[in-house]
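Presented sequentially are two complexes of subunit A, the first with subunit B as partner and the second with subunit C.
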Partner chain A sequence: MTTPVRKEPSMETQKALLAGYFSRLARAKEDKRPVVYTFVPGNLAELLGAFDVAPVYPEVNALQSAMRQRSSDFIREAERAGHSEDVCSYVKCDLGMMMKGNVGPTGEVIPPPDLLLLSFTGCFTFMKWFELLRDQYDCEVAMLHIPYQGDGEITDEMRRYVVDQLQREVIPKLEKVAGHRLDLDRLRERLARSRKAEDDLAWVFRAAQHRPSPIDAYFGGVYYIGPIFTSFRGTDEACAYYAELRADVEARLAAGEGPTTPSGTLSDQKFRLVVEGPPNWTSFRDFWKIFHDEGAVAVASTYTQVGGTYERGFRHDPANPLESLADYCLSCYTNLSLPARSKVLADMVKEYDADGFVVHSVKSCNSFSAGQLHMLREVEKLTGLPGGFIESDLVDARYYGHSNIKNRIESYLQMLAARRGASRPTEVRA
Partner chain B sequence: MTTSAAPALALSDDLDELVAEIEARFDDLTLSRVRAWKDAAPGRLAVGCLPVLAPREVLWAAGALPVFIRGAGDRIDTIRGDAFYQSYICHLPRSTLELGLLGHLDVLDGMIFPNTCDVIRNLSGVWQTTFPQHFVRFVDPPQTGERATAAAFLRADLDLLYRDLCARTGRAPEPAALAEASEAYAEAARAMAALAAARLAEPWNLPADEVYQLRRAGDAMPPRDFAALVTAYVTAARGRGRRAEDRIRVCLVGAFCEQPPVALLRAAERAGCYVVDDDLTLSHESSPTAPRRDGEPMASIVHAALTTPRACAVRYDEHGAAGATLVERVRACRADGVLLAAPSFCDPALLDQPRLTGALDAAGIPHTSFKYSESSGQFQSIREQAGTFADSVKLWGTA
Partner chain C sequence: MKVFLGVDLGSTTSKAVLVDEAERVVGRGITNTRSNYDVAVEVARRDAITDARLAMTLGLVGDAGAAIAQAFWVEQDLLRLERLRQTCRAAAAATPGEGPRLAPTVDMILARLFDEADTLFNAEARTRGSFFRDIVGARFHALAEEVCQRGAIDFERLLGVYDRAILEAENEVIDASFDEMFAAAIERAGVEGPARDAALAAAERAGGEAIDLAGFVGTGYGRARLPFPRDCIRSEILCHGLGAFTMLPQTRTVLDIGGQDTKAIQVDERGLVTSFQMNDRCAAGCGRYLGYIADELSLGLHELGPLALQARRPSRITSTCTVFAGTEIRDLLSVGEKREDVLSGLHRAIITRAMSLLARSGGVYDELTFTGGVARNEAAVAALRDMVFTHYGPRTVNVHTDSIYTGALGAALFAKRGVPAEDLDDAKKECTGCSA
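Here is the complex of A and B:
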């Protein structure tokens, strides 16, 4: 059963944070802050913060544009300029936005970069995206190559290689655009603040082990990760936001309440699911509603690990600043090998006592999608549970088929219900 | 040493026989010749390498034959492989898996997955769990040009690979073997350079399908044998005595990973083109030349891997010069135009196309683009497109 929508204080705080980010960004040139374009997975927020530069995350612009129903125009614009229908829609959405004047999701113009910082983590397409961006701007470029954990581990050589690149490539370029040297103490302070916020966020995600779960770790989770995956990591604002979020969740837990969703509070939870893959942004609410209407709550998700595996235990370490940044970049979810990703999913299913798991495969993203059908079978083997499989796209509305997804989710949940004998509500275990 | 300096291959100088040998090797999907090579001496290994960049000298020095695996083209039905991939993923990983599941790759002892793109990257994980008997190694060559950091990282990776393979073949991981392997591949590279020059000079005597199948034959050959086969073919093909036809000269760009069916190359030539240059089978030209004579062959291999690979969509375009490099290449080949080919759903190749077409437009070089799948048997539209392109270039000098 659902109850009417109620907004928690942390939701308002997050909205204000985001709005403040875009308006500060629009003023960056006036404020004489260098602008750095970079990517979300493996981003160096603390380092950028230590230089007081203004970061731009093209993926955030793309998903915000999609949630505001503007991505289709941008994608069409990029396709008119010769980009194939086949390629990643995030790239096209960003390029299309640029072609139309680089007006950001909040209506303010996004300033051009002083530095393009390619952190090549967890996705090869980032590299191609950056080559396209670089053709448009005459600015400094820094490349940070993060080796893939193909053989399932972070080696000392990988860590050393990333630290070397930070010291010899990334930091000197940042010093050049910022006009001052790196203050390592300032970086350490930021990393300490990151750690504090990461502790709170991890606690929030872990709260989903309770019944009913006080959070939705996929649809709600994408809001929770917003600040920490982007420019707010390492700031006092992020610490305050995550403390507030934790307090909200603690209150729901104490009250035995489920998460707040656009369709109301979901306390009557019939299915606990783990979700793999990014969400669809163009029909985000409708997509969420399919799950909500069936009483399905996501108790864990992998998408909320792409910008840091905090729920799995990663923490930034102020005592070893550069090594810690290296480990962060190397350990983001999409930089893990497929067997490691399958294990993360299976572990989550067990740790969160899930009834099943759903793979949402998006057409755009080879990084996530190539191999997901194999993962599905592997996780089925590891958990003994059947998995559900649905497909759409991130920001290209042409690939979101609501009825099809709804039918598949409903059938999957019926199958889960049949397996356990009856569609009974799960009991409260505080 | 189980790998000898001299080629072991007995070759005819008759062109028909050579072409038959090349076709038979190209069609050897079950790798029977690789099995014969392994059986000929104890301790030999064979290791598959996915496109594009492969540490072939390191493998060969360790006593392992590098076998380039570039999908199965249209030569098998992909049934089980399709169950691994959604419709919006390119075809190469499906047919590669199909080959494995059919047992065609059983002769291989391992597989090397270079960081070519996210599909091949993730295929490495699928392989680890599907074929646990294989030695699987992921190789992540730095995407920056040589800097001390990049070189040190790649060096450590290749040293480890060398030691691990030597432990399997029972050899000592010695620099001398690396130097000899580098020399063997340098010989193959010289033969390939002669092949490329002959094709540029007289493409009517060296048709695209033959040249392509020859290079694919080399995917599973010891380097000096391959050099000998290439040299024999070039000599025989040049003596063919065909006359030049009224066709345009084109470069084919973008087919560096998933390969188009041979019939597509034939279709393009029959439609009025001579394919004088292409980026198919790039691994044959992507790494080193002769070793440095300083007792440090691994340093030379690393240096070459970081600095000499041909520009390709899966290498970071560090200097923003991909377009200019293509224009130079077209001019060096005296090509009239460019066929931009890309496998469907291939992010690297497709995302490069607008950058490349922009540079070609600015240089006034005609071009046309199409997508393909290795499994496609339908080329009518591509043939028509290539034909119209050839006609308009001939008529107007533009497409």
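Here is the complex of A and C:
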């Protein structure tokens, strides 16, 4: 089913990009760059780049710590400080890290913030999280409130509301901490570079429509989105990385090869799946391997839409910089209603000719997990395919049960295989 | 006869079912899952094959068949009892400083067990779901108490001998000749004259027909441990779905509460699974929970249900956590709640948890079939019927008398339907555990 593990050029580039990010971040104060903490969904990377501030993404630190098996200590530390077991594990991991000296996942110290920039795209916890950080750091705070896409569309009023906040709240505060006015041309240049990288990334994701899929759009996908969901959007480095990634994927496509995985190249793909929900980070490789061992490849995923719905068609527009930033924030997956999310999933199942879809529900994240069972039923109705349901957590290792997840995935895939073997279509209940 | 084997290696019991080419059940075997999984599976598998051969033979015997069948299984248990005698002797001899004193007592107790064999290993014990270890263990314990009250033998030491010995005796596969056991069973059943001749002739005729294993599938909690090729392993969710549907073809929803987990399964009009939910890593509210409760109250597992059904005012139990259950029971009993009321509340708590899984899996469709070890508990069944009616209105809730074999039956049917003929030879070569 698999061939030996092979490192591709874009993998090395991605790794180097992120390592460089943490190193530059550690030097931010001596480089006289203001530090801005913000979150991935709805992050204003181009705007921050235009001010040359150093962005910090606390949830990225948490997941990176988890992948390096450091999150358990941080969570324990936060719980010792009185944060309940039920609090989001991203929050506890970040707070615990802060309490232990704010040493980031690469071992370098994360500098304290000059500004907390909350772009609120549906996660209430983010707001409480920054309240805690505000108490700790006593720094400038800016809040950008993104209206929820309750009716599944972005109206002119919503766009204007966001642009107005950018002009009245966010940009002035960034100007204050950066010490200079916004250069709109610089922002436009960054948005143009974003668009270029977004084109390449979207092409990479759409390549999964081929058989075999040359990518894994969930487990592999989280590596692909790393740079563009964070501080690299709008940079030349990102453009170069996504061009290189596209070239790697083009080569695999030409060779008829599947994605490169930690267990080898997965070309013999028995199941094409769409995946909803964030991955588990503490046992990421084990989690991936469970799918891999069954010959299951993710051909699309919704988690890779949380920091921008590029695969669904969104592009930044340098001609309308602030409106474009507003649309970006409004269109993030986390800001979509349950029917809209169900439609995204159902569309993905159809467009990528998937055999089924799996919902990974994480204990920590109410904003992501609430309603997922309802979505599962809706997507079943929309596609006529049964969905699979697994549960664990983001970065709290105590909630990852290998045997239980393996059992459910095996059962689900065997269920798909049994249906495939049956000649007549089966009923899917409402 | 060409047969297909399904093995369900559960956390509490290991089951084996054989079906023929017409998908009829022709043999079944069951044993307790012990520390050595391979032995448990092999015992269940051999029992299923023996059961199939016995059925073929008895089909030719006539009226004396039932008595011979009962005597046959007693003979089989006697073989293991003989093995236990040997391991007990060895364990007694190996007890530092006590060997010479323990050995005669152990021998005496074992002799009593042999004398009582017909009573101990009767059909009722089998129906109750007791296995060799349970039956012999309970009697050994009682006899040891008697002996120790009279003399200077230390009770704990005597039980220590048994505990060591049963592990060894149980974890061995005992080779037995069907023909020899059948002949012994005829003697034990007291069948004489023409009936005896007819039975022996039947055995000879049936013995001429080979039982060919044409395919096998393993399932259950411990399926990864089965010595089967990967293609011959199926999820217990699929097997329970298909098994329940086959036993009761109107089944559309299956609730399986086993030792370690609870599963809510929806199946379509062909018995194929369309949706399922199972409990998370915690085994709260599963069979193990009831086992723990039984220990806590010094009751047999089979006594819980009948006692709970006597409740007049079921206690309100909030926790199905196996760890907290003991505390909760003691608290309730200490404030004067009746044992049967507490037990009734516990059963309702288990079913409340199962109802949540059923809802998550899509609800309860007509008909609902309840499987797994807990389905043998009358109070759990009553609570399920009550709550299903409350939440979903009138629904038929089935419990098949052979529900313990549901997973193994599903596996056998997958073996019959799913294993490509060309793969069977290769599979057999790889399968060290299936040498039938």
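FYI, the second predicted complex is superposed on the first by the 421 of 430 C-alpha atoms of A that agree within 3 Å, B and C clash if a C-alpha of one lies under 4 Å from a C-alpha of the other, contacts with A are read in each partner's own complex, and residues count from 1 in each chain.
Going forward, a residue touches a chain if its C-beta (ideal position, glycine included) is under 8 Å from a C-beta of that chain, and two chains touch if they have at least 3 such contacts.
All figures in this text were calculated on a predicted structure; none of them were measured in a lab.
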item: First, second, both or neither for A:F120, with subunit B first and subunit C second; value: first
item: Comparing the two partners subunit B and subunit C, which touches a greater set of residues in subunit A; value: B
item: Which superposed partner A:L373 touches (first subunit B, second subunit C, both, neither); value: both
item: First, second, both or neither for A:N407, with subunit B first and subunit C second; value: second
item: Touching partner for A:G421 - first (subunit B), second (subunit C), both, neither; value: second
item: Partner chain in contact with A:A81 - subunit B first, subunit C second, else both or neither; value: first
item: Which of subunit B and subunit C A:E131 touches, first, second, both or neither; value: first
item: Contacts of A:E391 with subunit B and subunit C, given as first, second, both or neither; value: both
item: Doubly contacted subunit A residues - partners subunit C and subunit B; value: 373, 391
item: Partner subunit C, residues of subunit A touching it in the complex; value: 373, 377, 380, 386-387, 389, 391, 401, 403-404, 407-408, 410-412, 414-415, 418-419, 421-422, 424, 426-429
item: Footprint of subunit A on subunit B - complex, ascending; value: 83-86, 88-89, 93, 113, 115-119, 121-126, 128-130, 136-140, 142-144, 147-150, 152-153, 156-157, 313-314, 316-318, 320, 322, 342, 344-348, 350-355, 357, 371
item: Subunit A residues within the subunit B interface of the complex; value: 81-84, 86-88, 91, 120, 123-125, 127-129, 131-132, 134-135, 143, 145, 147-148, 150-151, 157-158, 160-161, 164-165, 168-169, 337-342, 361, 363, 366-367, 369-374, 378, 391
item: Complex contacts: residues of subunit C adjacent to subunit A; value: 234-238, 266, 268-270, 272-278, 280-281, 360, 362-363, 365, 418
